[in-house]
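The following pair of complexes shares a single chain, subunit A, combined with subunit B in the former and subunit C in the latter.
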Partner chain A sequence: MELLLQQVLAGLATGAIYACMALAVVMIYQAIDHLNFAQGEMAMFSTFIAWQIIQWGQPYWVAFIAAVALSFVGGVAIERILFKPLHNAPILSNLVGFIALFSILNSSAGFIWDFNIKTFPTPFGTQPLLGGGLIDTHEAGMIGVTLLMLALLYLFFRGTRLGLAMRAAAHNPESARLVGVRVGWMTALGWGMAAAIGAVAGMLIAPVVFLEPNMMLGVLLYGFAGAVLGGLTSPLGAVIGGFAVGLIENLAGTFIPYFGRELKLSIALVLIVAVLMVKPSGLFGRPTVSRV
Partner chain B sequence: MMLEVRGLRAYYGEYQALHGIDFALDEGHIRTLLGANGAGKTTVLRALCGMVRSGGDILFDGRRITGWATEDIVRLGVAHVPEGRGTFLRLSVEENLQLGAMSRRDRTAIAQDIEQVYAQFPRLKERRQQQAGTLSGGEQQMLAVGRALMLRPRLMLLDEPSFGLAPLIVEELFDRLGEVNRERGVAMLIVEQNAALALDLAEHAYLLETGRVVMNGPAAEIGADESVRRAYLGY
Partner chain C sequence: MTAGPEETIAFEPAPAARTGLTARLQHHHLAIAAVLTLALVAPLAAQSFVTFQLTLVMIYGLAILGLNLLTGFNGQFSLGHSAFYGIGAYTAAILMDRWDISYVWTLPAAGGVCFVVGFLFGLPALRLQGIYLALATFALAIATPQLLKFRPLEPLTGGVQGIVILKPDPPDFVQHALSGLHLKPIDADQWLYYFTLAVILVMFTAAANLVRSRTGRAIMAIRDNPIAAAAMGINTALYKSLTFGASALYTGVAGALGAIAVQFVAPDSFTFLLSVSLLVGLVVGGVGSIPGSLFGGVFVLFVPNLAERVSTGLAGAIYGVILLLVIFLMPSGAAGFARMLAARFGRRSRSI
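Now for the complex of A and B:
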């Protein structure tokens, strides 16, 4: 029983990171109808920026906030410079854009900071939480920071005019323009926020997976899985999907004998494929209907 | 003259949909564009809002706005209720109304205007927290008009407001539009298939055929001319 609880909590901790990545992916997907394959590399780059600021002698939280802010600006810039011109381009041009962004970020991180694995600090420590054996303080911190961020995002989208304008622009860009919403800037803002969310995820997971240019590859894959599982059209669904993938991954790895540990990624993905066979638009997604 | 249009052309890719259209509309007046399917009525409204590539002159208060971005034209006080009503189906009724005022900054006045819309359309008040997609067609059309009013518009562009509505609802809707025009002095440009209805509300009508104005005159005259009615209006 204690093992089960332990694994559930550990699953929720990594699930929190997948949830962040899934949410970031969904935010951009809702704005431009494309999956951002470079989301993980953006998060990795942000984490390196935080690491660099810490190396320069700044306290952790200064680096944290600076990295989030710089990532936001960087996300807006990427949209304005690279993806705004691709707005009406065919899907494959966008795909090439994402691949370009992916490898630019990956190789420049390697060039600037080299490919050696680095440790990344955690402000929460790694001792058992409250002296119990269930979860350590960093895992609790991952869950806590994620939940706090999700709550703030919820308040922003539900409670502010800007949040309402962003939702309107994502749901119905043409009508949004007709009420005066600057849809292009809402898209850029979405990119900025996705980049900032990714930065938080990267900094939280870096103490666990260690810092190096390829650190987010697996994480993004799980994030995609969470987004697809919950539904690419539903931010809430993506978050729940991300947590669910973390749980499934951990429980499968622990409780399925023989091949569980080796194949836990496959088991998670098989479950997702099974869900999609029954509900192609994801658990919380809406089927896309278009008039012909 | 509030709105003056000279030699308006519009293009969908290579295809030219409007071939030099002239018309005008003064503050507080109602005019209508009539014509068969494909005559270019909707395209005229889309061109006025910068939603389609266009040429020629669109003058608003004497200022040339051809080629402006939609968002900037809206800020002049031009509220477009498009075909299909442009409702944000997944957002609530109240959020739809708030969006209508998105280009304004006066928060207290916005809250007052929402109450005023509710006073004029009580059904919307009953459903304020409901998802707009769950409203009936008539309610959605009222919501679209209410959303347009939230801009405090000087000019409303209405594209087929009667489309898909039951006759009784249409009558109510047009009563309300008349009310809005009289009480708030909002000018309207109405595109309608239902010519009799539009001629009743408007003072002046333009008849479009294949992207050109083929006739225009006072609504009463156009409605009374039997050959015009038979040839262009189909009733």
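Now for the complex of A and C:
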């Protein structure tokens, strides 16, 4: 029983990383209807910017806010310069655009800041908090910030005119344009917000996985899995999906005898695919949302 | 006019367009003949490393053709083709290394195994579309290298170490025939090149014929409008699964050829990144274009090396910039670009 509790806590701690990323993934999916493969690299680049500002002697929160603001601007700029011209191109061309962006960001980060592993500070400290040291204050803070971002996003999308306009632009661009929503700028705004959320996620994840150009690859892939499991249309679903991926991965590794440990990622993915067989648009995908 | 009767029926050109079509078909045949002549002569003039690279280009082209059958012609999305490539490669390596089976027979075996795996994977994938199908195939791409490393399977797969296989020598009858003609004997690289070329020719021709057939039209109808296709009496579930199988077969045969050419298989050669490369090759070559797949192979093999040569530190960035340039300049791939050039050229010559 105690082992189970420990593994659940450890799973939630890993899951928080995935949930953070899944939230950013869903944000951009809402805005542009595509999965952005470069999302993780954008977050990594933002985290490097924050690291650089801290290296220049600024306090953590100055770096944090500057990195989030710069990422927002960067996200909007990437949309305007690179992806607006591809607006009418086939999905696969967009996908290759993401792969190109991924490659450019990854390689330039390595070129500017080299590939050595760097430590990144956390504002929450790393004292053990619960479960005999399995979850510490940073991990708890990460879960807290993820939930806070989720709440803010919920309020933004449900409670403001701009949020409504963004949802309209993503859901039905033609009709949105007819009622006066500037769809192009809503998309750019979505990119900016996704980049900013990605920056927060990157800065929360970096103390755990350490800062280096390839730090986000694994995280992003499981963030995707979490987002798809939760349903790509639901931010809440993405967060729950992210936590679920972390939990399944940990529990499968511990409790499935013989091959659980070696194949735990495969098992997690196979389970997710099995869930998708039953609910093809994810656990909290659009059908459920529209009924509520 | 050399075009067969099926082609005329398939295209049903309007009378006014008929002469243009005939001319285009002849251009087409001329182009194929030219490329083929070049392909036959190339290894005689090139260094053995270049010959080896050209062999790899054809192999990647074949793998991309497999992905193209699924994505370009059937509209199903896959991030899991590295798995089929890997399964094909391992099938060939295990048969050659553990059971001493001739490399020639490993190709149908690899194709068969991959067809079955692809078909079976295609069945549950029927319920999934778009992004969700991408995730399912992504799971396949992640699971395959892990399974290949899986310890209980090590006696078969060689675990992390992989399997080393020997490069096949040219068969005696070829050398005899060459010496009979007073020609130089060919080396192993050249032989493998010609062997691959022969396989590629058969498989590309088969794919072109498949796409033009009744089955091919059913496959494309499902891509264009699944509901209308089903209403016309096409068994969409069966055709989608069969396409998945055929696509896996092509990529699997490419994998087997790749294993023979590289003489080595290891789990980490068949990761998700290989799937991404194949996808890039598909888009760059032209989605839904059979000759475009070969251009995709050229891009996948040479452009990363080219970027590396320009700048080692920024190789990835340069690769990315080239990729962006390609999709901005040729939004529908090399095949679309060629079509556009042909159309412009054709119009000018008519106006003169």
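Convention: the second predicted complex is superposed on the first by the 277 of 292 C-alpha atoms of A that agree within 3 Å, B and C clash if a C-alpha of one lies under 4 Å from a C-alpha of the other, contacts with A are read in each partner's own complex, and residues count from 1 in each chain.
To be clear about the criterion, a residue touches a chain if its C-beta (ideal position, glycine included) is under 8 Å from a C-beta of that chain, and two chains touch if they have at least 3 such contacts.
Treat the numbers as computed from the prediction; the structure is a model and nothing was measured.
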item: Larger contact residue set on subunit A - subunit B or subunit C; value: C
item: Which of subunit B and subunit C A:S107 touches, first, second, both or neither; value: second
item: A:L164 touches, of subunit B and subunit C: first, second, both or neither?; value: first
item: First, second, both or neither for A:L221, with subunit B first and subunit C second; value: second
item: Contacts of A:L147 with subunit B and subunit C, given as first, second, both or neither; value: neither
item: First, second, both or neither for A:A66, with subunit B first and subunit C second; value: neither
item: Which superposed partner A:L86 touches (first subunit B, second subunit C, both, neither); value: second
item: Partner chain in contact with A:S175 - subunit B first, subunit C second, else both or neither; value: first
item: Touching partner for A:V96 - first (subunit B), second (subunit C), both, neither; value: second
item: Shared contact residues on subunit A - subunit B and subunit C; value: none
item: Sites on subunit C touched by subunit A in the complex; value: 71, 124, 127-129, 131-132, 134-136, 138-139, 142-143, 146-147, 149-152, 272, 276, 279-280, 282-284, 287, 313-321, 323-324, 326-328, 331-332
item: Subunit B to subunit A touching residues, read off their complex; value: 49, 51, 70-71, 74-75, 79-80, 82, 86-91, 95, 98-103, 147, 151
item: Residues of subunit A touching subunit C in the complex; value: 35, 82, 85-86, 89-90, 92-93, 95-97, 99-104, 106-108, 110-111, 221, 224-225, 228, 232, 259, 262-263, 265-266, 269-270, 272-273, 276-277, 280-282
item: Footprint of subunit B on subunit A - complex, ascending; value: 161, 164-165, 167-168, 171-172, 174-183
